[in-house]
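Take a look at these structures.
Here chain A shows up in two complexes: once beside chain B, once beside chain C.
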Partner chain A sequence: MSSFWQNVRRTFRLLTYNKVGFIGLLGVIFFILLSFVGPYVVPLDTQTKVDKIYQPPSSEFWLGTDSEGRDIFSQIVHGGKDVLVVAFLAGFISTTIAVLFGSLSALAGGWVDNAIMALADIVLTIPQFPLLAVLAGLVKFNNVTLLALILGVLSWPALTRAIRAQVLSLREREFVEAARALDLGTRHIILKEILPNMMSYIAINLIFAMTAAIYAQVGLVFLGLVPFSGSNWGVMLSLAWTRGAIFYKGSLWYIMAPVAAIALFQLSLVSFTRLLEEIFNPRLRTSV
Partner chain B sequence: MTQHTNGVLELVHVERTFKVGRRFVRVLDDISFSIGKGDILCLVGESGCGKTTTGKIVAGLLPPTGGEIRFLGQNVWEMNKEEFRHYRRAVQIIHQDPYSSLNPTQRVSTILTAPLLRHGIARNHKEAKEKALELLRIVDLTPPEDFYNKYPHQLSGGQRQRVSVARALTVNPEFLVADEAVSMLDVSIRVSLLQMLERLRNQMGVAYLFITHDLAVAKYFAWEGRIAVMYLGRIVEIGPTPQIINNPRHPYTKALLSAIPEADPKATRSKERVHLRSLDVPSLLNVPSGCSFHPRCPLYEAGLCDATVPQLVDVGDGVQVACHVVAREQGVA
Partner chain C sequence: MTTTSLAQSTPSRRFDVLYWLRRLSRNFILRRVLMALAKIYVVITLTFFIVRLMPTNPIEAYVNELIDQYGFTYQEARDQAAALYGIDLEASLWTQYLEYMKNLLHGDLGTSYRSKGTPVAKMIAKFLPWTLFSVGVSLLISFTLGMLLGMIMAYRRGSVLDHVLTTIASIFSSIPNYLVGMMILVFLGVQWKIFPITKMRGAMSPGMKPELSWAFIKDIFYHATMPILTYVLTTIGGWMLAMKSNTINTLGEDYVTVAKARGLKESRIITSYVGRNASLPLFTQLAISIGFIVGGSALIEFIFVYQGVGQLLLNSINYRDYPVMQGVFLVITIAVILANFLAEFVYGWLDPRIRVQ
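Right, the complex of A and B next:
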């Protein structure tokens, strides 16, 4: 039991060691709580209040009101879930494909390697955004999982190539040769010798895949290519834009709120990568 | 041709080629030797002469393209799974570079306990820890508790090399292939590591294939064993260390020995040098005909040395030399 608490303490010290990274982690946790727990606390304000259009922030409306007098804060709270879900899902899907394909490509070699690399090259040359725009016309993107899947399937090639190169280099290392001589088994070599040496890289790329997915998704929604379903930071931006919010004097809060939410979440994710780097690469740690 | 027929590990006419582009490069040619229990065989030679490749073949990390490697009389690459596992664990390798031979993401504890647990040498984590601490003590990393939870980057080069040795010892090997194991260490640390390896031989009966480019180290470590001198993928002279050092026969061995500086600068200056006809090592892509040493050899005889490949022949005192001229002078040609 004491060793358990020791581990907890050690982990906590590790987490707090990098200040920037720790703030990033707190930011990510804040946005997760805001988007997944928030909606149960703050009801979505759908009532049009003509007398309260474009109100500045007040104790009643924390972030002011929109073009129809509705509370912006409640929309921010309710609009994060889709964005986050798509970001996490798309990130995980593309990273998983990349790790599997990249390792397989490097370890199998031969025609498997050639086939995977050819596929990666083809996907890499497809212009993503126009393809998404065309796809949006064919498929109804009202399902977040489907959107995440498509974003994920389109964004694995770059990481796949990097993983392949890393595995090719790592498997020739002397510690892998020593593990072979010690007969530790292929499973051990892949999971305990090679993978941990790529973890910081993989984790950081997972985060970058998430940020890319957020921009792709919000961009699609903003351009109106993905049908509005419920509320979403992208939908808010799009509405603010189409209602001509930029021309009204008091509308700054309406258009800036979703922009700030997206930017702050991205910033949290990116600073969080600093912490990940330190967690997965013991050489960077100064203590623990 | 191997006089040690009781050898536990034998290489018989081993050949290894690598494909470079569209060409095949023969890195090892007709390598034969045997190592018995507790023996030391020291492999010396210039960089690129095939020492490391030989080491990898001995450790079973690389299959030979010709000839056989035998363990307890059995061809390693025709063994069944169970026999191969036994062989694999019996022969361990210590690498040259202490900075890349330990996984940077693993603590010393993991590095040592993983093989112990994997092969059932320790039944549980507690037992594995005890065994690992014991191993750290054996390799002179004391107090072992100080090193047990460290990451490799927190250790010095010499300490890492000791961890490498401890890791190799986890599976109770009978052979250690030490591939330039001390070349990257400071001279002062080198001696204490060599003494430790020597102690392992005396206490645990570990045999060594000791690979080095440094004849001084070979002389120090393998005085009770044998030295094999390699040149461009072939063994040119093999025999008991005192014989090789004090009475080298092959012109290449002579040249190597004459290049070692003596402790006394006057002795070094007055030392007789073997004058090679060329200082360039021929490329493996273009190995000279006949005796591959002939373009550099001071004893070169046209029509003989560049025509036929000399075979290793006994010249007495347990020494074998592959040189036409030496063999003729000894009257054994």
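Right, the complex of A and C next:
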């Protein structure tokens, strides 16, 4: 029992090595809870209240009310799930493709390497956001998975190149040579020697891929190129914008609530990578 | 090696040609140019087909409209649409593609479907300069200022200034640029009324003629203030942080220690020893960011109602105006490829070590 608590304390110490990173972790946890548990606690306010349009924050409406007098806070709580799911799925897809293609490219060499690198080069050359804007037309009403797939399939090239370079350099290290000399087999070398050494890199890039996916998806929804509706931070932005929220002083809370939610989530993710860096790379640790 | 000497020792004309071909194929610049052209070709082809695979096409939309609203028969509606849009509907995708490529080789980007008869090239020529202007000025400001601040941060690392700047830089570089743009518009424009946002819309004031006069230059900078502010705020952090870490690494290099030991002037060490070497990797980064910013300009131009190529793209997507969409893609792609090209040469010029023979 005491060893269990020791472990917990050690883990906690490890997590608080980097203050900024720890705050980032707390932020990420907060947004996950808010978006996935929150909807069960806070009911979505769909009732139009003509006498309560653009109210400032109060004890009844924590973040004020929108152009139809509905509670903004409840919309924020209900609007995060899609954004988070698309971000994670897209990040996961692009990272998986990148790891597979990158290591395949480095280990196979020859024409496989050339083909993958040429493909990466072309995908990198096509202007990303405009292409997404066109492809967004394929997304049917509220289809989260397809949007994530499109985002993921377009954003692997940069990481693929980086992974390839990493594998190429790791392959030549002494410990891999030792493993080869011991005849431990290709599978062992890839899974037990090379991959663990790239884990930090992969984890951090997964998070950056997520932030890129948030940038693109919210942008697309905001421009009205993806037919999303209901409660979604991007849809909120778009509605606040098109209903002339920028011209009425009182609408500040309506437009700023989703802006703040997206910006804070992005900031939390980016700060969290700092903690990951220190956990995975003991050499970076500032204090023990 | 042996083949070259063989070719050189043989005076025959046939071998001469082979020899020159071989030398040409080893020519760095030529290979780069060919690669760039190949890339442009692939991107044009891809966008041609991707754009046409989209669910609703402009003619279908128009045909349905005619049938529903004016009681046309299907055939009548189709004829009408074909006449209006000037496209042969019976032609296969492949014929259309060949036709498009043929016209493109003659420098003809086609004409817009929606604003009938307007050449795409003319539309792009009207919108592109504003994107290039706003993005170019922003990059210039954020790149130079970012490098400067990054070096200062590295020299004063651990100081209050360093902490403050690092925090600001990381915050602004992680927030999406369109959100920063919205905040500028909402706070500086609507809430505090520092910027008269309705007057600042567009790329220049109505009635203003493009000319080389002080009034015109002042006007276009005035209208581009908010987009430029947004671009600079969201990109400068990246340059600052990259420059800071590069400078810190460079400061530990032996040649800097040697330069100090030789008693060189501090200003010289900062500029031609530390600065030059630390800024090298940033130039490759610069090319990538040009592509990213031009590509993402649609969002910023939409927010500030700025008549750039991003606006044009958005409009054309909404109308499914294929020729315009393709034209914009083509132009942005060429801009990205050119930027990469330029970056490579600037890099080679700045760093003799990687200069290709």
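Simple rule for what comes next: the second predicted complex is superposed on the first by the 272 of 288 C-alpha atoms of A that agree within 3 Å, B and C clash if a C-alpha of one lies under 4 Å from a C-alpha of the other, contacts with A are read in each partner's own complex, and residues count from 1 in each chain.
Note that a contact is a pair of C-beta atoms (placed from the backbone, for glycine too) under 8 Å apart; a residue touches a chain by one contact, two chains touch by 3 or more.
Computed from a predicted structure; not experimentally measured.
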_Combined model on chain A: chain C and chain B, fit or clash_ = fit
*Which superposed partner A:232 touches (first chain B, second chain C, both, neither)*: neither
*In degrees, to the nearest 10, note the angle that opens at the C-alpha centre of chain A toward the centres of chain B and chain C.*
90
*Looking at the overlay, what does A:196 touch: chain B (first), chain C (second), both, or neither?*
first
*Answer with first, second, both or neither: which of chain B and chain C does A:130 touch in the superposed model?*
second
*Which one hits more chain A residues, chain B or chain C?*
C
_Contacts of A:181 with chain B and chain C, given as first, second, both or neither_ = first
*Report for A:173: first if it touches chain B alone, second if chain C alone, otherwise both or neither.*
first
*Once both structures are aligned on chain A, how many angstrom separate the closest C-alpha atoms of chain B and chain C?*
7
*chain A contact footprint on chain C (complex, rising order)*: 39, 42-43, 46-47, 50-51, 54-56, 170-171, 174-176, 178-179, 182-183, 185-186, 189-191, 197, 291-292, 294-296, 298-299, 302, 313-314, 317, 325, 328-329, 332-333, 336-337
*Which of the residues in chain A come into contact with chain C in the complex?*
121-122, 125-131, 133-135, 137-138, 211, 214-215, 218-219, 222-223, 225, 237, 241, 246-249, 252, 255-256, 259, 262-263, 266-267, 269-271
*State the interface residues of chain B toward chain A in the complex, per the touch definition above.*
59-61, 85, 88-89, 91-93, 95, 97, 100-106, 110, 114-115, 118-119, 151, 153, 164, 167-168, 170-171
_Parts of chain A lying in touch with chain B, wherever the complex brings them together_ = 173-175, 177-178, 180-185, 188, 192-193, 196-197, 199, 280-283
